[in-house]
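In order of appearance the chains are A, B and C, and numbering begins at 1 in each one.
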Amino acid sequence: MTGLRHRAWSAAGNRNTVAVVVLLVLALIYPTIVGSLQLVPVIGDFVPKTDSMVVMVVFTTMAIGLNMVVGYAGLLDLGYVAFYAVGAYTAGWFASQQFSQVSIDFGAAGIPDGLPGIHISMWLVLPVAGALTMLAGTAIGIPTLRLRGDYLAIVTLGFGEIVPQVVRNADNVYGFDLTHGTFGITPIDSLGFGAVGAALGLPESFRQSSDRAQWYFWFAVVILLITVFCSVRLRDSRLGRAWIAIREDETAAAAMGVPLMRTKTWAYAIGAFFGGVAGAFYASFKGGAFPADFYFNISVFLLCMVILGGVGSVWGVILGGMLLSYLNVEGLANIGSTIQATGLAFDPTKYQFGIYGSIIVLMMLFRPAGLIPERRHRVEMEEGVHDTPFYDVQREGTLTDRDGSDD
Amino acid sequence: MFGKKVVVLLSFAVAVAVVAVVAVGCGGSEGSAPEALPSSSCTAIEYEGDGNPDYLVVSDLPLQGASRAQAVQIVDAIRYELKARDFKAGDYNIGFQSCDDSTAQAGKWDSGKCSQNANAYAANDKVIGIMGTFNSGCAAIEIPIVNEAPNGGIAMISAANTYVCLTQGGPGCETTEPDRYYPSGTRNYARVVANDAYQGGADAEFAQSIGLKNIYVINDKEAYGLGVATNFQKAAESLGIKIAGFEAYDPKASSYEALFKKVQASGADGVFVGGLICENGAQLIKDKVAVLGANDGAVKLITPDGFATQQTIDDAGSASAGMFMSVAGQPIDQFTGEAKEFADTFSKDYLKGEPIDPYAIYGAQGAQVLLDAIGASDGSRADVIAKMFEAKVDQGLLGSFEIGATGDPEGASGAVTAIVVYKATDKLETVKVISPSQATVDAALGK
Amino acid sequence: MLPRLRGARVTDLIGLTLLGLLLIWLAVNFVKGPAAFIDISLIGLTNGTIYGVVALGYTLVYGILQLINFAHGDVFALSGLVASTVIVSVLGLDEGSSALVIIGGLAVTLVVIMVGFSLFNASIERVAYRPLRNAPRLAPLITAVGMSFVVENISLALYGVNYRTVPNLISHSDVIHIGGITYSWSKASVLIIVIPLLVVLSWFVRSTKQGKAMRAVAQDTEASAMMGIDVDHTIAVTFLIAGALAGAAGIVYLMQFNMRFDTGFELGLIAFTAAVLGGIGNLSGAVLGALCIGFIQAFNEGLGWFAPGSDWTRSMVFGILILVLVFRPEGILGEQTPEGA
């Protein structure tokens, strides 16, 4: 073990490569070994199915996106679910029968000829969803990012509440059905290798293939890795350093020439991008987008992953994300059936958000930097930062930073 | 900085690999029993016959939250039917799993759960039939997924979905409905319950019969509530009743008094609510009474089966008195023949004195149709579907009907297309049984 | 300097235009049906008053700690649910009880709940917020979000997912009935309970030593600590008062509406919006903001001419929140000092 540690410490460039290779190998073999893992006595009952792993990886991806906003730039976003919604609905618009007025097929996998609606290949829809969500993030960000921390949190929460209601009510925009109301958009096209892939013996469409979960899982991991890569690279870039400077001391950062608005908006937009991609991917996996999916609790759930793992720490967020989404998808239910097998009538899934809430509170009280703390952030938590002290109530100018800090 | 983490990850990887190898070593004893669906949603396989089950039948219902009571009775009705046949359909041994499509936190069906379940069914080649869903919204998710299952579409039969456009198109539906639910091009979904056009039509005919002229329609905007409200509106208009307004209410709002002020200003003499009692329905009823007066006064209140349960009276208290509630089927006290026999035995065996829910009998009827289809089939999923669409029920639990090409019950006589209207006192009192005329039903569909 | 000035003028112009459109909309609706308009206003007044009591809890805590106490709404909901148990199961009040018994019973409930929940709220502060006094500012806010879920799930565990209600203890007979306008005792009871509370609160904050200490801490914590004010004690008192207000609001709400475990989340957001609208930290602002929200909500749902209707209410409330924060973050009364409450 010391050898491993030594190597990892000494070869800075190799550290990520090693971790990524490990993750890749695990991901590659997981669908194959999951069956035998589940046969292991005692722990076998708690091994997540490949199907659940997809959901876990998707939510972890979103958590990493959120981490860029909350962790790097220190902007508390309580409405991240809005980005998930925009991503999911973009998939619904461009890869389903929603707009049956037209019939467009652009490389979509596994759909019959002449199917009404817009059917762009899901591979293209993913980045498009990211880009649209980025636009939405910018549009939300520009008027609101000038607000101070806790006000920003509330405004994002407001957007997080408005977006689902708009989605719900936009089934009749002057007679035009944009979102199909509470019914949601279903079915959304599947990812797949299309006719070319089919010729090579790969599934034309994942949904029609018997290895659906496995393919979705592998590509979810690919998206996760891309997100992690971007996240790590961004953190070490000029922009990332600017974010961290803003997080640590906004006034000082501005004084050192960091353009606050532009930098914050980038954090918001990039964080939104990954939320949108993950949202579109999940919509395709699930086969639909529904307004009822986008409620405030999801935002808090994602925030909880970031806090549990370690605000600002990529590896921490992966750990926190996988752990919590495991609990959410399967874990609590599995634990519940174990508890109920002993005769106790207690169902932990019923209190899942209470459990996440307790995790947030306990983490903030006892280990505020998270399970795998980011070093710099731990220092901030332990030694304090030049943040406005908690009970220093300055009446003047505390409401916004609109004075002087604008670029 | 990553040193420790990499070590953690690597040791985790090693641990996983070791466990996997060990597990592969010990595993490998393959029984002929079918692989069970995941325990996070479903009960263990229930099977009391000889040997191992050849196929699985699953039910997919919201077992938590507001619809729990009805869902549990449907599950029990399926168990009842299976027991009565010794877990056999024709020559095949049938195992049963009851799956849950709801979450406790939401207190109702959840789209993620529906999709997860449907994908689990699709991936399990032993699943040969699905009894479900309860909510039309969930059906809209599950039908296309199981329709495109890798080993062929799976037969699905619902005892409770009443949303019209799942099976039939028409002016009230999207142009791509219902075809969008059947991406493979072959239908795999049927139901043994009359769609909302019947209930909307019956409620409209009832409104006409009590002399209402001007009705305000409100709905919860959910698939079911909006659907039945739309059907009611269209049917009522065809009968010459004026629609004073058509509006959504927000189930999360705390008060509806302002909304009813608007109703009052419209001069309506009746209110129709498309919604569910669990969606703040009790508050809605109370505020209706507070603003528009008692339900047997000048402004009547008509509700569909989303309100037709004892819970409405318990929750809304005295405000519920005099409101009308409709529900598909025959009044339980008027059951005859096979239906009466079922109700008596079922109540005795499963309900321990609780009142039987109208949905139990629909569940039993659905299970019979599905199990008969499996029994008559050659054991392939495609043939089960084909046999399901050939099903003819003669003097069965719900009278006589056959499953038409759309999957809706057709050529019906008896309970399956009848609608009972109850009036709330301290319990549900039967007022009238209506079988809406074909003209009204067509009008409700917007034809 | 110049671009900023111009920017300010443009935002002011947009804000004033929006305000003008709102007034025109109200005027047209009033002319179209004056009686219905007044009726609907009375509904708005009742709801707004209830929001106001909850909003006061947010604004008190924010004024002193600059913390959005997310859990406040859920404390409110839990207090209402517990009150339903006290009223129905412990005291056994129902519609048939005599007026004296009902008034006495409600008074007892009010006292018990207000005391109980002031302690509950203060213990939340002690356990979850006090250890974070010197942490970065977002830390207690995140904790508050977590606390909110914890409290909500306590309600869920105790009361399940169904709505709870109490019998109509206060008669729905009319206080006023002129033309089409009606105002029932049940609605009037809200004002009858709330107004004295507000008077007491205002007296407390203005005139007592403890109230003066609160204002001092709100103005400058360090200076007041130097002047010998026990800051921790003062903050604890603030949470006690906020908890008592949540309890009172819970009972008043319960007398009007059904409640369940997640009522507090929805209502908390509305009340918080009200506090921001009025100018957070400002006590009269919170009440004023809450009345505005109550009116807007009722008008939106009840008026016939160009009202978006109830399925847009939530978007409207949060739209207002966002517009206020963008155009006038200090709120309606924000420029007055909070001590002037």
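The definition used in the following text is that a contact is a pair of C-beta atoms (placed from the backbone, for glycine too) under 8 Å apart; a residue touches a chain by one contact, two chains touch by 3 or more.
Since this is a predicted model, take the numbers as computed values, not measurements.
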Pair joined by the larger number of C-beta contacts - A-B, B-C: A-B
Reference chain C; chain at largest CA-centroid distance: B
Chain A and chain B, separation of their C-alpha mean positions in angstrom: 33
Cα-centroid distance, chain B relative to chain C, in whole angstrom: 40
Multi-partner residues of chain B (at least 2 other chains): 104, 221, 248
Numbers and ranges of chain C residues touching at least 2 other chains: 311, 314
Touching two or more other chains - residues of chain A: 168-169, 297, 350, 353
Residues of chain A touching chain C in the complex: 74, 76, 78, 143-144, 147, 149-151, 153-155, 157-159, 161-162, 165-166, 168-169, 296-297, 300, 303-304, 307, 350-351, 353-361, 364-365, 368, 380-381, 384-385, 387-393, 395, 398-400, 406
Interface residues, chain C side, partner chain A - complex: 4, 63-68, 128, 131-143, 145-150, 152-154, 156-157, 217-222, 231, 235, 265, 269, 272-273, 276, 311-312, 314-315, 318-319, 321-322, 325-326, 329-330, 334, 337-338
Residues of chain B touching chain A in the complex: 1-7, 9-11, 13, 16-17, 19-20, 22-24, 26-27, 38-41, 64, 103-106, 110-112, 115-116, 118-120, 122-123, 137, 140-141, 144-145, 148, 150-151, 174-176, 180-181, 183, 185, 221-223, 226, 248
Chain B-touching residues of chain C, taken from the complex the two chains share: 33, 36, 39-40, 43-44, 47, 95, 161-163, 165, 167-168, 172, 184, 253, 256-258, 263, 266-267, 297-304, 307, 309-311, 313-314
Chain C-facing residues of chain B, complex: 65-66, 104, 107, 221, 247-250, 252-259, 261-262, 264-266, 278, 280, 282-283, 286, 290, 315, 317-318
